[in-house]
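Heads up, the next two complexes both have chain A, just with different partners, chain B and then chain C.
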Partner chain A sequence: MRNPSLRIWLTLAPALLVTGVLFGASVFYAVAQSLGYLSIIGETRLSFAAYGNVINQATVAGRELWAALGFSLWVSGAATLLSATGALILAATLSGSATPPRRSTLLALNANLALPHLVWAIALLLLFSQSGLLARIAAALGLIDLPAEFPVLVRDRYGIGIIVHYVSKEIPFLALIVLAILRTQGNTYTAVAATLGAGPWVRLRRVTLPLVLPGLAAGALLVFAFIFSAYEVPALLGVSYPRALAVLALDYFLNPDLSRRAEGMAISLIMALVVVGVAGLGRVFGERE
Partner chain B sequence: MSMQTRAIHSIRRYAFHIALFCFLLGPVAALLLYAGSVRWFYPAILPNEWTPQPFLRQIGNPRTRDAIGASLTIAGITTVLALLIGLPAARTLGLRRFRGRQLVLLLLFLPNVVPPVATGMGLNILFLRLGWAGSYLGVILVHLIPVLPYTIFALLGVFARYDEGYEQQARTLGATWPTVFWRVVLPLAGPGIAVAALFAFLVSWSQYVLTLLIGGGRVITLPLLLFAAVAGGNPASIAVLALIFAAPPLLAIALAARALTDRERVVVQQY
Partner chain C sequence: MPLPLRARIAALVLTLLIVLAACGAQPAATPAQSAATSDEAVPVTNALDLANWDSVVAAARGQTVNWYIWGGSESINRFVDDFYGVPLREQYGITLNRVPLADTVDAVNQVLSEKEAGVDPGAVDVIWINGENFLSLKQAEMLYPDWSRELPNAQYVDWDNPAIYLDFGEPVLGLESPWSSAQFQFIYDSARMEADELPRSYAELLEWAKANPGRFTYIAPGPGAFQGTRFVKGALFELSGGADQWLSFDQALWDEHAPQLWAYLNELKPYLWRAGETYPADENELHSLFANSEVDFSITQAIAGAGPLISEGLVPETARAFVFDDYMIGDFNYLAIAKNAPNKAAALVLANLILEPELQAAQILPENGFGLGYAIDVTRVTDAAQLAALNAAQAQLGAAATPAEDLAQSLVGDSAGEYQSLVEAGWRENVLIGE
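The block that comes next holds the complex of A and B.
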């Protein structure tokens, strides 16, 4: 092919076409349905009724929207902050010693990352439930007599189980990002600071943190967006009220009452907007690095 | 450093590593314990027997076998399609600088950001009308939405370090295109492509929401079966299903162990 520009676009065409058609159709139909367009029941008028209903708490779904939004913000905010802090400390500890992190440690971090969220949530359920492994250990130690005396750590009102899940899955994710930054930017700064008499805490605050902050912040924003819109984990480890936005949206979308679908769709689009905004912010941070 | 402080240091390091491993993989040990247990009731701290019986029962169950088959088929075909579509695009994006490149990257990256709940809900009604809902075709197509961006970005890293000069030299020396492909392209980019394929497979393998919304209860993959089991199954069969579901990702990590720990690059993406 003579024309290099034509060649470039020909190789990109399949990917752009598949993404464009599938994703474009998805966005188009999502917006149309949230505006009340439902050809199945012959409804073809467009209106912002569904948005009005959920935002003004006019319907059942609407009354739950703000509780769900608050719950999702709390869970994803708390989990993100704890994960970022934990990842920073873990990565600093691992790269702080004279020898580089061991192969087995890196492998364990990657193995944790590779485990599907569904599997991890089930494992936590078996571990933390009131008749789970930890409750049995507590009973053997004489700390509790009955399963009901074990604290409710999963399927609890405050989302503790969900937060524990994401903290234990996202610390390795963010720690690997921080370790990669430290590896390429060198540990020499930390070594210099140590030679000049800086203790571990000062080194973490004054050397490591400024060095990794842009990358860590970008990763943390992605983590926030991911948790904020997740379905499986809050569905498995949460309670029925308050529930996460994604759980609420899907529940209303699958509701046999077809007029509820528009509201489910509207909630999911509000959620998607927040996520795209946060992830966009993450990209900006990541690029500045 | 005296011998005593050195001993304390190494003890502290070991304690730290043991704690870290418990944190990272301890819950998997709990799954293993449950997976072999038979009628293990509170407050027994260990199962009174640990047998392969729950595992054999699950493997013998036709529903489980169908779900494994469905998952393997869907993830396999999705991976092949994603590679076929993604390779030319990633090669161009990795090797060429052209106007609109950033826009293309943004467009290909965007579907990875929008939550699967929203994507699946949007396509649900369209696929119903097209008759693709509840079929492998529909599920594979919808899996491509998260898998394709992931595959392209994994391959982008491969081609960013790729030197086209070798291909031209081989051509100048008289090699035909098939020869160039087998003797130059594959040895250079093959390992990277294999890793990309592995993780494309895993992204599709782990999908739950998209399969639920497009499969319409007729395409039952392993995560769907597992999710349903949590509601009503006994702990041993839930744990066995979870371990079967976790096996390919863990196997992939073992296979990619060298690449993950040797090179500077880490796989920092989740699905």
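The block that comes next holds the complex of A and C.
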């Protein structure tokens, strides 16, 4: 055990083994099914037909693919960007004040992590839908004549409800990451910058941002991958069309016509490719910095 | 201290491998353990003789029947436990294990995964099923064959009725036995509207929607939302001037009438709730829009009409069911037995029990919580007391139900199975997505 890298690999082995076996087997099955290997209906010929169908818009799944891809990219991109910005400002404000953030503030941020996405999405629906609490209050106060005149904020065509959901869930998550980084750095850099005459905006831009950027970028990538492949929130807060990629993929996977499963799996793997691609881009840009 | 560390890692890896190996072996063993009697049941199952019903009942004694059933309605769950669980235990010595599902497709996937993994006996005995889920399992050859017409109580079932021997156009053969019937109906709120204001055809519905923009919507057609598909098929029947021509598949007929169908639905679209930008995904979503007064109509399949929904508190007490004058699709739902079911004898006893005339009479009454119609043909029941119970139940449905003569007058069968995906995919493409 003189070789340190061998030692690292051996220490990692248990975890790698578990993820390798469980994750590897699922990916293997997904690839096999997307290539048309469906032993449940006795189909064992392999082909790229499913990929061809969805990319060339030959089937209904294909005709929705590009719209769904665009919708998913828009929703996850916008939500990630807004969450990262919000988290940075929140964390900088919390750690910038003279007193350290209060226990209750940290507790509130942590409590948000424990709240399941599904619960939060339903809460948003009950609050913001056109027969929701706010619409009723507005109607009762005479601001609008009928609850149905309330603006469409959830189940809207542009995914605003989904973005609001993820921004409100992910700002606290990313803020905790940024706060953890800032705590290890201490206040000295910002204090020095302040004595040299830097205002709050310059301090955020020139001192805090470079300090936390690697951690924040990694966290943001995690958030992007999560939102891009999430099912339940787009299913609950989305419209019938355009649908998120994950919703489309599951719909085809569960199609009673078992041969449609290959298309569902192909869409899932296209999703995985997009996430890997975004992660790769992030890395390239990260190294250039 | 390199040695202890190495030893510790080795021990850890070893433990992990053992755990993994144990996990790998587990799935094959679990279902067999869960079905305590499967060891005796397997040889008996192979020898089940439906012609000798007493031998089936004897083989079923002491078994546990695992019934995978949609569990989204508390009142249906209670009905199943009280009306089937109790007699199974008391008369047949069978334990009913009701396995509630969020969606019947979960049971289908369970059976399909078992097939893929080669698990036999599996975990599933009976599934409450119809339509596309039946088609999936039939396609995968995972249904126990040739039993439903051999049950003693199959004598009450009209197996010559196409609505029974075809399930969404797919031949039932002997693969499933009917439990109850349903028919497409609308629901309105008698506190908001008078009965004589109601539209009675698709043409009148369009006029109504134009006069009341934003007050109507339907469920998005698609797999798992067959009510929406039925709404669209009904429009197809009316526009093409008849339902019978759709009983067998004819591509030319579809090509001729599909453009009319999309034209009708697109004319309706701007007058829908949210101008047709989105549609409710399922019945519950539509019920809540209706209950919240966002729209004026909901949709149900229950013969007891709005009754069961009122008792669940999903719609106001003034809700009433109604039908158009024609083209309201009716169908049956079934019990199927998995091919790898561990307790087939008990499953057969359950499917037979469900067709008992007394229990059929109990299932349509809204206060019992089920509210779907008869699977049996009342005219085939000869016992006077049973016949009286069936007729009395029918008479007790109350104001929330559609009058029986309206239902009968408007009843049509579903179209051939091939149209299902044509309607669903065509709707997404031509109506939802549009130009």
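Everything below uses one rule, namely that the second predicted complex is superposed on the first by the 251 of 289 C-alpha atoms of A that agree within 3 Å, B and C clash if a C-alpha of one lies under 4 Å from a C-alpha of the other, contacts with A are read in each partner's own complex, and residues count from 1 in each chain.
Heads up, the rule we're going with is that contacts are C-beta pairs under 8 Å (C-beta built on N, C-alpha and C of every residue); 3 or more make two chains touch, one makes a residue touch a chain.
Computed from a predicted structure; not experimentally measured.
Trainee: Looking at the overlay, does A:V60 come into contact with chain B only (first), chain C only (second), both, or neither?
Mentor: second
Trainee: In the superposed arrangement, does A:V18 touch chain B (first), chain C (second), both or neither?
Mentor: Both chain B and chain C are touched by A:V18.
Trainee: With both complexes superposed on chain A, which partner does A:F28 reach: first (chain B), second (chain C), both or neither?
Mentor: After superposing on A, A:F28 lies in contact with chain B but is clear of chain C.
Trainee: Taking the superposition as given, does A:P147 touch the first partner, chain B, the second, chain C, both, or neither?
Mentor: A:P147: touches chain B and chain C.
Trainee: Report for A:P116: first if it touches chain B alone, second if chain C alone, otherwise both or neither.
Mentor: A:P116 contacts chain B only, not chain C.
Trainee: After the superposition on A, what does A:G70 contact: first (chain B), second (chain C), both or neither?
Mentor: Once the two structures are laid over each other on A, A:G70 reaches no partner at all.
Trainee: Give one of first, second, both or neither to describe whether A:S131 is in contact with chain B, with chain C, with both, or with none.
Mentor: The answer is both, since A:S131 touches chain B and chain C.
Trainee: With the two structures laid over each other on chain A, which partner does A:L258 touch: chain B (first), chain C (second), both, or neither?
Mentor: A:L258 contacts chain C only, not chain B.
Trainee: Of the two partner chains, chain B (first) and chain C (second), which one does A:P210 touch, if any: first, second, both, or neither?
Mentor: Touch status of A:P210: no partner.
Trainee: Do chain B and chain C land on any of the same chain A residues, and which?
Mentor: 11, 14, 18, 39-40, 131, 147
Trainee: Okay, in this complex, where on chain A does chain B touch?
Mentor: By the definition above, chain A touches chain B via 5, 8, 11-12, 14-16, 18-20, 22-23, 25-30, 33, 38-40, 90, 93, 97, 102-103, 105-120, 122-127, 131, 133, 135-137, 139-140, 147, 168-169, 171-173, 176-177, 179-180, 183-184, 219, 225-226, 229-232, 236, 246, 249-250, 253, 264-265, 268-269, 271-272, 275-276, 279-280.
Trainee: Can you tell me which positions in chain B touch chain A when the two form their complex?
Mentor: Touch list, chain B to chain A: 13, 16-17, 20-21, 23-28, 30-31, 33-34, 42-45, 84-86, 88-89, 91-93, 96, 98, 104, 107-108, 110-111, 113-126, 129, 141-142, 144-145, 148-149, 152, 202, 205-206, 208-209, 213, 223, 226-227, 230, 235, 238-239, 242-243, 245-246, 249-250, 252-253, 257, 260-261, 264-268, 270-271.
Trainee: Help me check something: in the complex, which residues belonging to chain A touch chain C?
Mentor: Counting only chain A, the residues touching chain C are 1, 10-11, 13-14, 17-18, 21, 39-41, 60, 63-64, 67, 130-131, 147-148, 152, 155, 157, 239-241, 251, 254-258.
Trainee: Looking at the complex, which residues from chain C come into contact with chain A?
Mentor: It is residues 2, 5-6, 9, 12-13, 16-17, 20, 105, 112, 115-116, 131-133, 135-136, 139-140, 214, 220, 222-224, 274, 277-279, 281, 288-289, 292-294, 421, 425, 428-429, 432-433 of chain C that touch chain A.
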